[in-house]
Every structure is written in C-alpha cells, then in structure tokens.
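One chain, chain A, appears in both complexes that follow, with chain B as partner in the first and chain C in the second.
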Partner chain A sequence: MTAHPDRWRKPHMIESPLLRYALYFGILAYLVLTIATLPIDWLRAAEGLERAGRIFNGAFPPSFDRSELLISGFLESLKIAIIASTGGMLLSIPLAFMAASNISPKPIYYLGRGTIIIARSFHPVIVAIIFVKAVGFGPLAGALTLIVYSIGFVAKLLAERIEEIDFGQVEAVRAAGAPFLSTVFYTIFPQIMPRMIGLGIYQLDSNLRASAVVGIVGAGGIGSTLANAFGRYDYDFALAITMVIVGAILISEAVSGVIRKRLL
Partner chain B sequence: MLEIKKLVKRYGKGSPVLQDLDLVVQGEQVMSIIGSSGAGKSTLLRCVNRLVEPTSGSITLNGTDFTTLSSRELRSARRRVGMVFQGYNLVDRLTVMENVQSGRLGYISTWAALTRRFPKEDIQRAYELMERVGIAQYASKRADELSGGERQRVGVVRALMQRPEILLADEPTASLDPKTSEQIMALLRDLASELNLPVIINIHNVNEAKEYSDRIVGMRYGRIIFDDVPSALDTAQMDEIYSGTPSEDREAQGAMA
Partner chain C sequence: MTGKSTMDSWARFTPQQRMKRYGSFFVLALTVAWALRSIDVIWEWVWDAPIQLFDLFDRMVPPDPTNLPSILEAIWQTINIATIATFIAVFLSLPVAYIAAQNTTPNRITLWIGRFILVSSRSVNTIIWALLFVAIFGPGIIAGIIAIMFRSIGFLGKLLGEAIEEINPEPIEALEACGASRFKVVLYGIVPQVMPAFFAISILRWDINLRESTVLGLVGAGGIGIILQGAIDTFQWQEVSMVLLTILALVIVGEVISTTLRKKIL
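Let's turn to the complex of A and B:
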C-alpha cells in the first residue's frame, strides 16, 4: 500500500511566487505614493470644518415654512422620474433586442451595443449639463437626462437576459413556421417578462433618486429647489428638502421591494 | 413522401457529420433512427426543416425541395413539418392553450397572435387533439405546472396543430421515465395511423424502437448502416451500430485519407 499525502493546498491564483509578491509590493507602493503626493491642504480642511459647523447650526431646526415650494419641487421630480422610466423602458426594449448577440445579426448587434455603451459612459450629471445647455433649464432637461441614464442600465441588463434565454423554445416555434415578430412575442417576451418588470420598478426608484441630483445642475425638480436654497443660504429649508428626499426614497424602496416580491 | 438524396452536413471545416446520406420515408409508417451519440441522428432530423442548414444534397417533401427555398418560402414550408423535442421546448410561462396554438403561428397574423385572437376552428381543433391525448383539462394552466409526460403531450399536440405532412421527433422520450416513455411512443404510433402521418423518431432505447416502429434505421458516423424491419435487427447488427465511438471512427477515416 502506498502512502498518500495527508496535506493538500489550493494552488495560488498567480503561480510564480516572485510575480505574486512583486504584485503585492507594487500595489502597496502605489497606494503609499498616491497618498504622499496628493495635494491635500490640511490647514484648509480644518478651516472648512468651522464653516461646516456654521452650516449645520443654520440648518437646525429644519424649516418647512415654504412647504408649497417643497411640494411642487417634489411633484416635479416625481413626474420627471415617471416620464423618464416609461420613455427609458420603451426605448430600452428594442435596443436590448438589437444588442442581444443570439437574436441580432452582427452589424445591428454592434449598433445596439454601441448605443448602450455611449448611454452608459457619462454620469447623469454630465448628461444633465449637456441637456440643460441644449434645451434650457427645467424638467425637460431632467427627463431627457434620465431617459439616457435608464437606457444605459435597462437595455444592458435586458440584453444580457435575452442572451440567457432557453433557445429551444424559440427553435420550436420557428420550426412551426412562425414569422419573426410572432416568435419574439411568444417565446422571448414570456421568458424576459419578470426581469423586465423588475427592472422597470427598480428604474422608477432609481430615477427618483437621480432626479434630485441632476436638478442641482438646473434640470428641474426638487434638486433645483435644493440648489436654490443653498444659494440663498437657507440652510434650514435645505435640510427640510433633504429630509423629504430621504423619506421619499425610503418609501419608494419599501414599495418597490414589496411589489418585486409579490410579482416575481 | 420524404426523399433525402446525397445529404451532406459539415460543421465548419471538420469532417462531415452526415456523409452522402440517402433515405426515403413514405406512407403512415413509424420509422425509428438509432445510433450512438454523435452519429448524426439529430443533425439529420434538423436538416429536414433546415433548423440546421445542410451543406449539400436535396430534401424533398411531397414534391417541394426544401434545400432550395428562400427564407420566406422556407417559413411557409416549415408549417408542413411538425417537430417534437427532447426537452419539450414549451414556453413555460404561457398556458397550455397558447403553447398549442403556437403551432398555428405560421398561419395567423402577428397582431392576431399578440391579442390571442385565435380562429374558431383552431380552438376547436386544439380541444379535439388535447382531448385525444388526455390534456384538455389543462388548457388554461401554465405549461410549467404539468408533469414531463403531460408536457410532451402538449409538445405533440403543438406539432399536430400544424396539420403536418410529416412528424419529426428528436428523442421525444429521453427525458421521461420508462412507463411514461412507453405511453408517448404508443401515442406517436397510434397517431401515425389515425392521421395517416409518417413519423420519424430519433431514439436511444432500442427495445422501444423495436416495439413501436415499422422500420428501423441504424446510423453510425453519418451513414446509414442498417435499414429494415425491427425483427431483422439482431445482436451482431446492434453491435456494429453501437460499437466504437465517433472519435475512433473519425481517426480511422483520417488514417484512410
């Protein structure tokens, strides 16, 4: 009987120890170097702390005196979010089909992927700045921004879901001589429907949050109200707005959580 | 009548999966194709309705050469060929009725399909066939609520809804338990004679093939090496059909070339 070893070690991901330790050392050295060379002015930060203290002092207690402005700003944000989610979903569905490699021929696939990549490559704030320049201050710029933002997210995830479908179902209906669109409606949509509904709900939630951010650069909604309040040193009003935003997001998270659980 | 002449299928640049294959199927006979995995059974069946594109050769069903059809013509021609799959390939999230009616999608407009406005005679025909195979009570149930045997019955009805001129079954019983498997084989045999329908079945279970078919074709590495009535299939021929592996065959061919 031969003696078998009683010890076994999982092989390292990077086999060569020299390369492994060189990599560890490199990462560490870069980190130290970065912190050492970044121009951080500690003196100024300390002064700023004092200013922050003043802002917080001014913010308490929060003021709901101008609640009319607050409510109208919030409702505008809600409208922006709903329009952007609907528009984003409607545009994302065809785009997702274009960008699914198992459905689309190569040129259309690249066109779809390219569009999604462009929609994804800029942060909503940058897109919002461009749209504010293009169509002026206000909710239209916000809605357009969030439509682009929704496409980048929904179309990408939906395209990935389409690529994961059970193609046997498609093959079966195709073998019965069904035309292209009928095949899509009968075999692909039923398979991606749960994901589509989930993404739609998530996107509504996420657009509401993002609409507050893009508002700060002038794209309408409660973000604009918040930016104005800061501009006029109304820190107590600003705190009230922030509290409403947090509350609204908590509620929308809870609601979408419940809906997703019930539905899927 | 289905007539296959000099059919060749080659994937990429590799050696062909089907090599100059000739086959004629007529009448209401049930024909079983046996052979080890990789012998080309599934490819042969899929070439008939061009789910797999043949490399060369001709496939003629009642006067129509399928290999020369344009994609539009192919779509209407496919309605004449019913197909049953190993994994059933039902749309799980749709009802049994919708699955069954998807066999008629080639005949109704996309709008009618989308709004589920199926022609009256199609609905009637669906109930008739579902009752024949014993699943009429499930019409409004979702397909994924059914058992394996029931699901394959839905698959059979979907194919029959096409009023096909031939029925192709690609290992229809491979996912089923032995008893259900026999029921499905018996159903296919009975339907063949009731509907005057030729049926081709790819199957791994040789005993079932012998019991339920009128004719057995044995394939090995892209060629037909046996073609006769079931009683003519003896142990020696079985051994020849199932001996070796496709890779050994490929090597042997390579050595010859």
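Let's turn to the complex of A and C:
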C-alpha cells in the first residue's frame, strides 16, 4: 500500500494476483487439455443437426394414438411410487433413529449412517440396473430401487431432525420411568411428525419423477414405455409420453407443495 | 384442549382429532392396498428376491481389480463430462436467470420466456435428455455433456434467479441515481451481491452432475456407465462390484470437496 490510485477499482474476489492468475491459467489449461483429448467423434456429431431435424419432424405432431399404453404405463409408475414411498418411509423411520447421534449408541449410529451414505451415493438408475438383473424386468425392480432411493433421502433428513429435538421432554418422560418405546412414541414422534409427513409427501412426488427414469433400464412404469418408443424410432409417441411426464411432474409438484404448505 | 376435569385417564388427542387421524390412515391404507393389488408383479418373485439378491452379492465379492486402469480412465472421463458440462451450463444459465428473476427481467414476456426455459429444462430428467441427444449426436461423450448441460441450466437458472430476487435493491437505486448504465448496474450492483450464491450453487450442481454422469453410459452417453453396462451384460459380477466401489469413492470425494468449498465461500 504505497500511493493511493486515483481511480477506484472493483476489489477482486481473490486478493493475491499470483493465486488469481494461477487459478485462471489452471482452469484454462484444464479445459484445453481435456477438450483436446476427449474421444469425440466430431464427424458423427456434425451429422447431428440433420438428424435432429429428422427426429423433430418425426416427433411433430405428438401422437396420442396408443393412449391406453400411455395410461397403463403411467398408472404403473404411480403404483410404483406409492409402494416405494410407503416402504421407504417404513424402513427410513427405524434407520433414522439408528442414525441419530443423540439417541443411539456409537456402533449402531455408524451402522445407520453407513447404510444411508451407501443408499444415497448410487444414482437410482445404477441401483435399478442391479435390481433388474437380480429380480427380473418389471415394476418389482422399480419399487425396490425407489425404496433404496427413498431411504437415502428420507432417513438422512429425518435423522437430522431427530438430532435437533428438544431433549428435555425425553428426560422428563424417562425420569417418570417410561420404557423405551413409550419414550419414543410420546416425546420424539410428536416432535418429528410434521417433518415426517412433509418428507413423505415430498418423497411421493420425487419417486414419481424417478420412476419415469428407472423405467428406462427396464424397471417398469412409464419410463419403460418411453424407452421402447425411443428404441422403435416412434418419436411422435415418445414426445407424447414426455409431455405427459412433464405435465404429471408439474401437477404433482404443485399438489405436494400446496399440501406441505398447509401442513407445516 | 377442552379436557373435562372428570376424565379418568389422559389421552393425547380429542375424539375428533382421533377420528381425523384414523380417517387419513384409512385412506392411506386403501391407496397402498390398491397399488399393491393391481400392480403387475409376480409375487413368487418377490418372496424369492432376497435369495436372488444375496446370490448376486455372493458372486460380486471379492471385487476384481484387474480392469482397474480402464475403470479409472472412465472415471476421469466421467469427471470431465460433469466438470465441462457444469462450466458451460453456468455461463448459459446467467442470462436465463437474469430474465427469469422478477426484479431484473426487462418485461413480462421475457419473464415468461425465462420461466418456460427453466421449467422445461428442469422437468425432463438428465437420462431422458441423454436418450434424445444420443439419438441426435450418436453415442459418445458429446451427447452426455449436452444432456447434463440442458438439465443443469434449469437448476442453476432457478436458484440463481431466486438469489437475484433476494438482493438488496438499495445499491442498485444508488447506482441508477448516479446515472450508471444498465450494464454497470448489473456489474457493480447485482453481481457482487449474488457472487457467493453463484459459486455455492455452481459447486452444488457440479456435485450433482458428478453423480448423474455416472449413469449416462447406461444409455450410451459416455463415462463409467459404459464399462458398468458392459460388465453387467457379460455377467462379470466381480468387475461390476469394482466399478460400484470406484463410483462410491468418486461420489463421496465429490461430496467432501463440494461441502468444504461451499463452507469456505459462504
């Protein structure tokens, strides 16, 4: 800091100029190197525009000719979502108690946290492809996948909520000599109930979305219908399915938002 | 609660509350029963599922590391897909966020255009985008990068737009009062206020994209998913478990990096 400059200049986010330019240079070098070495088939990609034109020509207007296939696929997705949300909630509650550091002993806590981390880390599509191989094509694989997916999300947030409860009530009921289950039912559940219901509704919405995706690898529901339509170059039917999926997602998002707002 | 003083025992709910609770439980049970009864599932398979799963698990251990070099190469490719796609999407989402935020959008029409872009990008999942772009550009990384980009624009644009809506309007009024041009207002009034949120959102999306790009390969759009699909199709279960372990490591490392970076910024 010697002489003050005449003009004010915006302070930089990173003070040290050396670090700043090193960072810029690093980002640039990374981009140039990776884009240069990526195995990209530019010739094939250049055909893209023409192909895109053909696909969009085939897709318009969307065809609702086989709407019974569409409806049955969608209903299957809905059933998968309902079953997976219920099953996921039922499994998430004990798991959340296991993974809450304020009520469970250390070894059980680590077991619960570990299960949640593993359930969260794998994308539902990967889980789905494993379940499809293990239990065969169809909605069963989809429901199992989404149960795992629900556990990863619901159990994590529920465990965090349990860790935030007011412990005074627990101590009071314990001091009155209540056994473990009564303590849980009369002190912990009333405190976490609103969050639990909110999470359940959110998860139903989220499972409906995900069931459209896991179907693409064969786990039933509207996703399977979509993947089939795409595989047969039925782009007009595929567009109709996509429109229905988007519409359903928007509606379910709105409904779940309204219900959660009224509950909380 | 209007508890009568002569009540013999304490109860948590009034009779009316209890009826409401039983009613909602009943509706819930009915819905689940409908779903369970009408879903197209062969129930013998369900009872068989645990045995099948343990059998599969048995065949997966121990993981087979012979293919580790090519797995790691694919993981590097996966990271690149996620990073480049996030990088491009961040820039593309800036104008969208600008027109989709109520306080900066030029007029109502642009507001609706912005919202339309956000909603259509967000409601189509990455995998569905990938299906489309694989059909357009052919199997490969390009389809993957573009698919992730398309999905990310909606996410980034929405959150960034919300951040813009929450800014303090006073610096902007001050700048406008001094006669600053629109460009300068954005640069000196808005950008500094949303900068931390901008970086936090971008890093969060990078973390999500890392996860999503692990599955792109399953529809042919590059990355580790291709190796996974190949190993599953040839029943190389020990290689499958190796791939799954590397994905697990990748995702956990990504999450650790993104949480520490976001903590530093906010």
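Keep in mind that, in the parts below, the second predicted complex is superposed on the first by the 220 of 264 C-alpha atoms of A that agree within 3 Å, B and C clash if a C-alpha of one lies under 4 Å from a C-alpha of the other, contacts with A are read in each partner's own complex, and residues count from 1 in each chain.
Going forward, contacts are C-beta pairs under 8 Å (C-beta built on N, C-alpha and C of every residue); 3 or more make two chains touch, one makes a residue touch a chain.
It should be emphasised that the depicted structure is a prediction, and the values quoted were computed from it without experimental measurement.
In the superposition on chain A, A:183 contacts chain B only, with no contact to chain C. By the document's definition of touching, neither partner reaches A:106: not chain B, not chain C. When both complexes are overlaid on chain A, the residue A:193 reaches chain B alone and has no touch with chain C. When the shared chain is aligned, no partner comes close enough to touch A:4: not chain B, not chain C. Look at A:174: by the touch rule set out above, it reaches chain B but stays clear of chain C.
Once chain A of one complex is fitted onto chain A of the other, the partner contacts of A:34 are limited to chain C, with no touch recorded for chain B.
The larger set of touched chain A residues comes from C, when the choice is between chain B and chain C. Within chain A, the residues touching chain B in one complex and chain C in the other are 186, 190.
Interface residues of chain B, counted against chain A in their complex, comprise 49, 51, 75-79, 81-83, 85, 87, 89-94, 98, 102-106, 108, 110, 113-114, 155, 158-159, 161-162. Considering their complex, residues 10, 13, 30-31, 34-35, 38-41, 44-45, 47-48, 51-52, 55, 76, 78-80, 82-83, 86, 117-118, 121-123, 125-126, 129-130, 133-136, 138-140, 143-144, 186, 190, 209, 212-213, 216-217, 220, 226-227, 230, 242, 245-246, 249-250 of chain A touch chain C. If you check the complex, the residues on chain C that touch chain A are 12, 28, 31-32, 34-36, 38-42, 45-46, 48-49, 52-53, 55-56, 77, 80, 83-84, 87, 119-120, 123-125, 127-128, 131-132, 135-138, 140-142, 187-188, 192, 195, 211-212, 214-215, 218-219, 225, 228-229, 232, 240, 244, 247-248, 251-252. Partner chain B is touched in their complex by these residues of chain A: 166, 168-169, 171-179, 181-183, 185-187, 190-191, 193.
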